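What follows is subunit A paired twice: with subunit B in the first complex and subunit C in the second.
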Partner chain A sequence: MKREPPRTIADYAPLAFPAIMLIVFFVVPFSTMIAVSFFRRQQGGFYTPDFVIDNYARFLSAFFGGVLGFSLMLAITVAVICVAIAFPFTYLLTKASRRVQIVWLVCLLSVLSLSEVIIGFAWSTLFSRTAGITNLLVPLGLMSESQALLPGIGAVLTGMVYQALPYTILVLYPALVRLDPTLLEAARTLGASPLRGFFGIIVPALRNTIVATLIMVFVFALGSYLLPQILGRPQHWTLSVHITDQAIYQSNMPFAAAMAVFLVLISLALVGLTLLVGGRKEVA
Partner chain B sequence: MSGLVFNDVSKHFGNFAAVDRVNLSVPHGTFVCMLGPSGCGKTTLLRMVAGLEESTTGTILLDGKDITPVPTHKRNLGMVFQSLALFPHLTVGENVAYPLRIRSMAKEEQKKRVEELLTLIHLPGYAERPVSKLSGGQRQRVAIARALALSPRLFLLDEPLSALDAKLREAMQVELRQLQQKLGITTIVVTHDQREAMTMADLVVVMGDGRIRQAASPIDIYRKPADAFVADFIGSTNLLTVEADSAGRAIVLGQPVPGLSLPNGMAKGLISIRPEDVHLAKNANGGIRGKVTFIRDLGGTIETFVDASGTTIVAVTTPRERGDITAGAEVNVVLPADSCVVLKQ
Partner chain C sequence: MKGIHKMGISRRKILAAGLTGVGMLAVPSILRAQDRSLKVGVYGGYFKDSFDENIFPEFTKATGIAVESVAEPTGEAWLVQLEQAARAGQAPADVSMMSQVATLKGQETELWTPLDPAKIGHYDDLLPQFISKYPDSRVAGIGAVAWYITLVTNTDTYPEPPDSWAALWDPENRDRLGLLALVSNSFLLEVTAKTFMGGTDSLDTEEGQLAAFEKLAEVKPNVRLWYRDEAQFEQALKSGEIPMGQYYHDVTGLAAADGFPVRSTFPKEGGIQDSGNWVLTRASDKTEEAHVFIDYMSQPEIQSLMSRKVGTAPTLRRDTLDLTDEEFSAVSSEIEPIIPRYDLYTTKSDWLNQKWTEMIAG
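Moving on to the complex of A and B:
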């Protein structure tokens, strides 16, 4: 269908609703946050309009630098683990019969309905000494006595991967379903074992999808702030936790805003870098 | 025996036999076209040769060796898929070099072989192009080159030309045939275009409902179809019932056909006669009386539809032979006995 390019202002009317929503719910709050990040903090939880960069300066300390680094590494690790598990899984899922696919997708969707709180407490029970999974390993002779698997980085990763995995699978699924199944068969007739064909052809052929999914899970994991608190020690707290801490418990709005702005900028920079690297390879 | 042999090969999906006890032997270097209506099991049979589908029963022998237990990637065959399955993220050269890379051939040698193959398919110097920038016919050729890169013992193609327009398809048919003759490689092409089969094949295999109905040279398939299914599927034909009368003459539409007799013990059957073998005459003696209902003048040939007591007989003539037959005319339809093939009903 060929459509006329819009000519009068009225032709842009359909855009008004999304534009207003975007302005009200994204541009305004975000601008407010940027503004607040330059305000001066008052004792007692208030702040006055000003233009100081103290908030950013304070952020550039070793402590918060470390927290930022940890948050980014955690999000990257979660993204990589999720895609590494979800990609082969989803690929095999698309090869299964329709019924199997539907059952799996329904299960995954039901995991999506769980909130971060429920996931966090469920895993904290599962990893606990008194009621955790280790109690099952003792009778099996795999462990001498039950022990607590949390708090710890392993527990944090498990919880976050568990939370992000359904999203990862649902994002990968359409691309993998549409993938020409004869690609792998062609590779096999040309002498590649199924495994070699999978890593040599299927994975590279879907590189763009994989990169996009990595970015999505990365951004998703970056925002996680309940799971690190429930399942981790204070040193496993992400920047999101500290932002919440500053904003709510320390009543330091300007500093919290500065951290949030910084986090957004760093994430954008990382995403941009990934796209740039990915895009360049595409041409070569 | 050198070549490809099918021994009682079947493939069942649940209770449904997609391929049903196929027996066939293909001498080395033969160009085989598998022909048949949609869903008759051609692709399934081809995929079993490639090892992409496991046979339910039977064995497939290549040069005397049972290849049924050999996994696809060790069968040393080249296959062109209907979708072509070119690797979208690789260039033309990288696609063609993929099987060479798998065998860890030296880079220099790879390059030489790729250029050699691209010359073979008339695309020299295309190595650096991305496959997405090629035309349909060029992609076709690249898929062929990639499949031939390792000089396989078997070359399998599943409806390789169906996506091309008619003109390009005919050109590619000739090219494919010439390429196969040059390389002397045993080739199986699946198609449902019978012209394509006639153009290329040494051996045409007509399949129906998972079984082989007839396997013979193109001209034999055309001239001596084994049954009504084959006669009807290959080209157009007139299928008319025939009966033996008490004097032993063969009666078609109430008229005896001089010189034609039914095999012993057959009282009733069918004859297949090609439209170009049917003679139409005005006011001739003998033959079947009929009335011309429609004439389709295609320029090079003329199709005349004759209604003889409710049965339509089609005759094809050249404009020169047409005479003064017009729609509505009464004609005598003459069926030369030597052009009639008697088939079981």
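Moving on to the complex of A and C:
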């Protein structure tokens, strides 16, 4: 049966539902945010409709530049660590028996049921001086006295990687399961070591999947707002924390909106750049 | 109520739980249909529910004025709503609970109907900080609830209580403090000014404010946690993880009474006293009823009861109240408090916020 190109309006009808969803849940809120970002702030009051660029001007400072840079670097670092851990793990998982796979996947799914709040407080207890894991190292003679492992960038990264890792594995899993095992077998037959086979065959074969996963984790980590507050110092607060401060505590919606628009644009640009670079390699 | 403190529920819920206690002392009564009524704005949620259940019926019984309570959002959104409604001649609430900063902002547009001191029986017994006045000394608001933020310590780590806010600056306390994360709720600029610069008047000028920021920046190496979430710090204080900081006096006292190794100290420079007012919107024609309401809430018996059961600091002079020394010191102190410079947060809030954020996160 030959597929006919759509001719009448009715042929486009199946598109209506996703289109409406996209408009209601993305286009309208995002447009509102863009509009508000140009409104005039009234100190203490909310805002009045206007067209001013003060909100963007305030953002363009060394301080907020630094915050934005830190947020992006943090999200990229989390994405790279997650994929670096999850890719080999998921590969080995797909080689395991079905039973083992199911147990692991159920465990990973159960981690997803934990909220960011629970993850944050659990790690803050684990890293504390009074009740944390260093208390176990003291009797073992590895440490002379227990110490706090937070607040710090290490604690923030641990919390964020812990939160994003199950997503990463679940995104990688279908692609790795479907990977044709004969590819590796061929490589091994031709004399490649298992390690060489993994990096020379499997990783390149799934390059697009890896890039897509990196982008997903990056975007996921970019919105993190609670973990940097609970586990980090103020210099580890992401742009999302500052946006919340402005929106909720300072009632400064226009400035918060301007920062949010900026964050969305920068991350879209980064994602676009990544796809562009990836696409070029494919052609070459 | 003590159980609630253990669970680390927010301050407002604690206040509300106390109000439930206040109401339980009263004999339940059936509301009659009233000719006179008053709409009162209180913070929405559990707080409003408890007022509805316990305080307002008693007020109605005593005065014959029916109360319709209105849930008001926290922050300054309610001020904006009242302002816009007043322009249209509407009053979403006649009397509202308003933060000091919002009270000052409302004054700029004459939003508050001036109150008549002659109609408030205990007007002369009110502490001066609980009378909010227009620049021409008309009365814009009367204190509704007040509380203290003090210097708190873990008694295991600090056998001797500190006697001054200067302890926050002590190099001995490196990485040991928990402080509130916002310029507008920590009031640390005022603390700095009172402790090192001779008083909060030194914040009158921008040089003074910058000098306070500079002095305050010296505290940074000592701060382990800048907290937004109260439960997070309270837990860390109790366990000794973060053994010193600023926190609510009444909540700390209750935690100590529950056996936790914590104490609240009024430093010699004074505790920080924050509060909210009752105000009457100009769009309201219930001026008479509003005065009856504010008069009722400012009676020594009601204020004493709220101190005992809710943990709020009384708005009246100590000698008018029948609180014992123990009851009084559980919620307040005779040491002159540090009163926040609310005027700064109306005129320079964005600038102060920016400087503050750059100071702590920079």
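In this text, the second predicted complex is superposed on the first by the 280 of 284 C-alpha atoms of A that agree within 3 Å, B and C clash if a C-alpha of one lies under 4 Å from a C-alpha of the other, contacts with A are read in each partner's own complex, and residues count from 1 in each chain.
Going forward, contacts are C-beta pairs under 8 Å (C-beta built on N, C-alpha and C of every residue); 3 or more make two chains touch, one makes a residue touch a chain.
Worth saying up front: this structure is predicted, and the values here are computed from it rather than measured.
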Joint occupancy of subunit A by subunit B and subunit C, clash or fit: fit
A:Ile76 touches, of subunit B and subunit C: first, second, both or neither? neither
Contacts of A:Ala247 with subunit B and subunit C, given as first, second, both or neither: neither
Touching partner for A:Ile230 - first (subunit B), second (subunit C), both, neither: second
Touched partner set for A:Thr182, first subunit B, second subunit C, both or neither: first
Touched subunit A residues, subunit B compared with subunit C: C
First, second, both or neither for A:Ala131, with subunit B first and subunit C second: second
Touched partner set for A:Val271, first subunit B, second subunit C, both or neither: neither
Shortest span in Å between Cα atoms of subunit B and of subunit C, once chain A is used as the common reference: 46
Common ground on subunit A, meaning residues reached by subunit C in one complex and by subunit B in the other: none
Complex interface listing, subunit B residues touching subunit A: 50-52, 71-79, 81-83, 85, 87-89, 98-99, 102-103, 146-147, 149-150, 156
Subunit A residues within the subunit C interface of the complex: 41, 43-46, 58, 63, 67, 121, 124, 128-131, 148, 151, 229-230, 234-235, 237, 242, 245, 248-252
Complex contact set, residues of subunit C against subunit A: 75-77, 79-80, 83, 101-102, 105, 181-182, 184-185, 224-226, 228, 232, 236, 239-241, 345-347, 349-350, 353-354, 357-358, 360-362
Residue numbers on subunit A that touch subunit B, as the complex places them: 180, 182-183, 185-194, 196-197, 200-201, 204-205, 207
